[in-house]
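Multiple structures follow.
In what follows, chain A forms one complex with chain B and a second complex with chain C.
Let's turn to the complex of A and B:
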């Protein structure tokens, strides 16, 4: 068995393997929530899984970058002592979608580099990704604009494509091989017909997406600082600064660090999700705030998402096409990424240039 | 894997009151081996923890060529800095670092050096000034301009006096508002430019201070004929992790904590917000 090979497996046989993995790791998968929403959570049996879902609104990032992550516990005294709190417990993320895998790949690179973020990387090393390609998009999905799906060539440990009673399995890593080897029955090498069937399913999924995020021109405008100031003013007026767009974004990872006293002598230093859309994000102790105005913060968000400087740094623009910001944005339909891309394209350029072009 | 966020304990050896709201702390690491191996460059900073209050970044202001201990100068402004001001000699802080890039040093040997500092912008520059004195022969003309709001707001009054008495440096000071005892220059720091003679082509200018001061200093240096990469400044932003991950200090695609805090004007002028 090798990375890159493709198999088909009987669905029940695969789920039996999945169930057996719970002995050594937390198994996290899609379940049906109380309101009929899909909710990813730890499950005690594969019977709790739902297969009738496209994606969860809350991004999978909370399993690798918790809302609040304790860094170390300290005890005050003449010589304070501390104890690091690194969570390395193994987990399997089953059923997550390609766009979210793409987000994880972004973090893998971001949390590496000159400084290795051990809290992320050690959790990540103990995480297994069994993603499931999307046969059908939501009406907010635009992963085809972002190379974020509906299926991927790599980045997962195993990638499944749902064929009804069978899965097509893409082997993505040694971890994936180890899992697949546990299958006692129902495993076959994928045939030409299987691969054609996947192609057909994915083409159908592609065709159901309404691509709205043609980012190329928006990237050029942001990169060259050629956006009408009035448009930023408008957007600044529309934004509620709720931070929803950043919290649901599979690319965004900004965090705050703070101390919390658990008793008069014991405390925890933790990090928690933060958002560049909050005015306090850049406010200094002196009160000076370089991004006091809402529009400055929106500019910041889209500079990170769409400037060539970041494209070059990350190898891709800052969006996976999951569409969550469309659902999250309080300024409905105005400030999600595809909406802003469209506005930059259509109304973003200074008038003189529009005429000239 | 090394833990990025765990600080080392450092003991306070000395506390000097610089101004009514500013103190300088001399520290050394509790772990002897760590203390011995601790080295840094001029312009780098450390993240200092007061456990239970939080962590904040401070430029190192001591001479990087002298080992054994290090210094930071702290103005009481927020939660962490106010807590730091309550500390006594013998107390400990948590310290992570050194972090960030540094001032060019070897690279500017052979050139004239112009330092323009404002208020609490002098501390990080002091980490450059002292090694220049140590290797004085390797540099050309040396000018230091220092401006503060009032005479009392000047930090390092002893050092300033000592520098003023040297004949291998020209130190000019100014204050925005004088007092009864002040007989020196009054006016913003840029008003000192007309009192000095520099050859921009042979000079590297280093500036650090409040953002508004830096803006005017750079404007004047450019007008004097300084090339973009002969103007070296520092940028400041609210900072949390110090290692390029938390996102707070980003300007454009640069993270002040890892790509900075030291930048040339050539680098600064292309940033989307500055």
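Let's turn to the complex of A and C:
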């Protein structure tokens, strides 16, 4: 068995393997939530899983970068003590979609740059990704514009494509091979027909996507500073600075760090989700804030999402096409990524508009 | 890691939200995509307010003051001290203050405890400070103190009139729909002396002088009637027309400073509207004519034929999550569940079991009156979930009043400034630690669900009320919030037909289900009078000060200052002043100014802007540099006793 090989497996047989994995790791998968919407959570049996679901609204981010994460406990004094709180418990993320896998791949790079973030990397090393190729896009999905799905070539440990009573399995890593080897029965090498069937399913998924984000022109506009200032002004009035777009984004990683004192000498240092859309995000100790105005913060967000400087650095633009910001934005339909891409394309400087698109 | 579905407690919109928990801790939140109103959105408060739940300031054990100092005590000892303390006062000397943060079930229980056990009608919440005119006026005209439209009606309306609210900041979900409507053919009219992010999207922005709203609304109603643009045929139009005679567009222009053409344009818009939604906030209510202005606005609604018509109506923008619930269960002096009043003897007699006849004989004191009478008529107070020192106007005087009390009990999440004055402090659970229901500003009854066990030994308010009732010898007993809700649904006709199980569906249930909202024929037109602000600018105090909440404020700042992220969003209060006034005074943006009113002074960082009119200044609510409310006007409006917080005279100097 090798990375890159494709198999089919009887669904029940695969679920039996999955159930057996719970002995050594938390198994996290899609379930039906209290309002009928999908909720990813730790399950005690594969019977709790749901297989007919659209992607969850808040991304899997919380399983790797929790909203609040305690970093270390400390005690002050002549000899201060520190007790690191690194979570290394193993977990399996089952059933997550390609767009979210793309997000995780981005964090892998971000947290292992010049500074190695042990809190993330330890948790990540103990995480296994069994993703599914998406067969049920939402009317806000546009991953085909962002190379974020509906299925991936790599980045997962195993990728499943749902054929009803069978899964097509893409092997993505040694971890994935180890899991697949546990299958006692029902495992076969994928045939040409199987691959054609996947192609057909994925083409159907592609055709169901509604929003578009033709980012190329937007990247040119923003990289070359060709966006009229009035457009940013207008967006500044529209934005609620709720931070929703960043919180639900599978790419965004920003956090803030603070201490909570539990007594005069003992406390906990923690980090918690922050947002570049908050004015407190860039305020300096002196009180000066380089991005005091809402419009400056929006400008920054889309510069980071779309400028060529970041495309070059990250290898992709800052969006996986999950469409969550469309739902989360309080300024309905005005400031989500596809909306802004459209506005940047159409409202660039006049000479740029004459150049086409 | 699990997700527990609940209702956001940070404003009156009531967005659907999941609390994300790990073990016994709330780590964060996720918006509810299937919520019929919020549809997957949250504002900055909704995203970050949850950080209060595990703030180190959380009170974990009851405190009893001994020899001037707080000592930790057992629940048994603390409850005995409270019961003993309260029982030693005559009913008329006791004041009970509930919180609009409490669930419906808790407010209902506290109402029963105060009236049935302590036998006092001195019961109120801080809704008095924001929405009292809604309770008093709408019940007189429409027989209910609640919205007659829903938030999603904003999407369908062709004309939207927002008076005295920057809904984009204060009730973001309403603001969100308003901005959407303005982009999709809706005509948005904003009435606010200040330029706001919301007024930017307005077709028409009226900027009346603070405290004069009733005049332009009356003039508009008068003009509609006289120019035959009035749409609906309703009883009492002739009498109203007569009473409105003195209110011409010219007089409105003169008194309010709103150009006649703008009023005519607004008149054309509202008279032609197929669907009109009126929304109003504290800017309309917190003035000497607060109740009168709400009355005038209701007249406008009725005259334009927008009552009892689907997709249009009036929406009071409640700043807090359960203001509506407090009104619904009758948590206000003189009111019973379902907005029945003591004066209505027939209706009131139905409540004999809850509110004994002798308690109904005399209406109790409202919150502002209680504070004014503290140390005199009021000798003991039981304050639940309200930091009165921060939320009350003229807070220096409020503090002195509370210090004059013989006995003060405070029940809260933290040892607030108010709790520091108490004899006994009881630790309460946050919204994440209890079950129950909230009712939002569009009458939507929604579930609140416990996501984690209580922090420390804190107890849910409803459990504390039951334990206290027992200590006071009452036989009142309920097993769960569900049982209490069933009783509310039985006694409040507007809640008839709603079961706790029904509330499981996304967005809960909007009342009423068993009867209809008022129709145009049922409405009562009432002539509104102009009561000028109690303070008029003069040589000594040439400015009018408006005080308002900042973007991250819920009400007073007690909660948001304990959210790490929200506190960062609001490092210091600002003072907005007109560019020309600033020039005259030699003030520049970033400098400090001293604002003095007849009640005292505060210092604030100046922001020079064309967004406020000349001789008007705007100060945002509290932050750590001192209470803005300490200089606010605490004179009470005549009818609903709301303080005139939006209009007070001031002097500005370079600090």
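The definition used in the following text is that the second predicted complex is superposed on the first by the 346 of 357 C-alpha atoms of A that agree within 3 Å, B and C clash if a C-alpha of one lies under 4 Å from a C-alpha of the other, contacts with A are read in each partner's own complex, and residues count from 1 in each chain.
The working rule: contacts are C-beta pairs under 8 Å (C-beta built on N, C-alpha and C of every residue); 3 or more make two chains touch, one makes a residue touch a chain.
Bear in mind the structure is a predicted one, so any value in this text is a computation, not a measurement.
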Answer with first, second, both or neither: which of chain B and chain C does A:225 touch in the superposed model? first
Is A:111 touching the first partner chain B, the second partner chain C, both, or neither of them? first
Using the touch definition from the top, say if A:242 reaches chain B (first), chain C (second), both or neither. second
Thinking of the overlay built on chain A, is A:2 touched by chain B (first), by chain C (second), by both, or by neither? neither
After superposition on the shared chain, which partner residues are touched by A:121: those of chain B (first), chain C (second), both, or neither? first
Looking at the overlay, what does A:37 touch: chain B (first), chain C (second), both, or neither? second
Once the shared chain is lined up, is A:278 touching chain B (first), chain C (second), both, or neither of them? second
Return first, second, both or neither, reflecting whether A:329 touches chain B, chain C, both chains, or no partner chain. second
Who does A:262 touch here: chain B (first), chain C (second), both, or neither? second
Considering only the contact definition stated at the top, list the common interface residues of chain A for chain B and chain C. 256, 258, 261, 274, 283
Could you pull out which chain B residues touch chain A in their complex? 1-7, 9, 30, 49, 51-56, 77-81, 92, 94, 211, 236-238, 240-241, 243-248, 250, 252-253, 258, 272-273
Inside the complex, what are the residues of chain C that reach chain A? 1-5, 16, 18, 20, 22, 25, 27-35, 39-44, 46-48, 51, 55-56, 168, 172-173, 175-177, 179-180, 183, 197, 200-201, 504-506, 551, 564-565, 568-569, 571
For chain A, which residues are in contact with chain B within the complex? 71-72, 74, 76, 78-80, 82, 84, 86, 110-111, 113-119, 121-122, 225, 253-259, 261, 267, 269, 271, 274, 276, 281-286, 288, 290-291, 296, 299-300, 303-304, 307, 309-310, 313
Touching residues (chain side chain A, partner chain C) in the complex: 28, 33-37, 39, 41-42, 57-58, 62-63, 66-68, 237-238, 240-244, 247-248, 256, 258, 260-262, 272-275, 278-280, 283, 287, 327-334
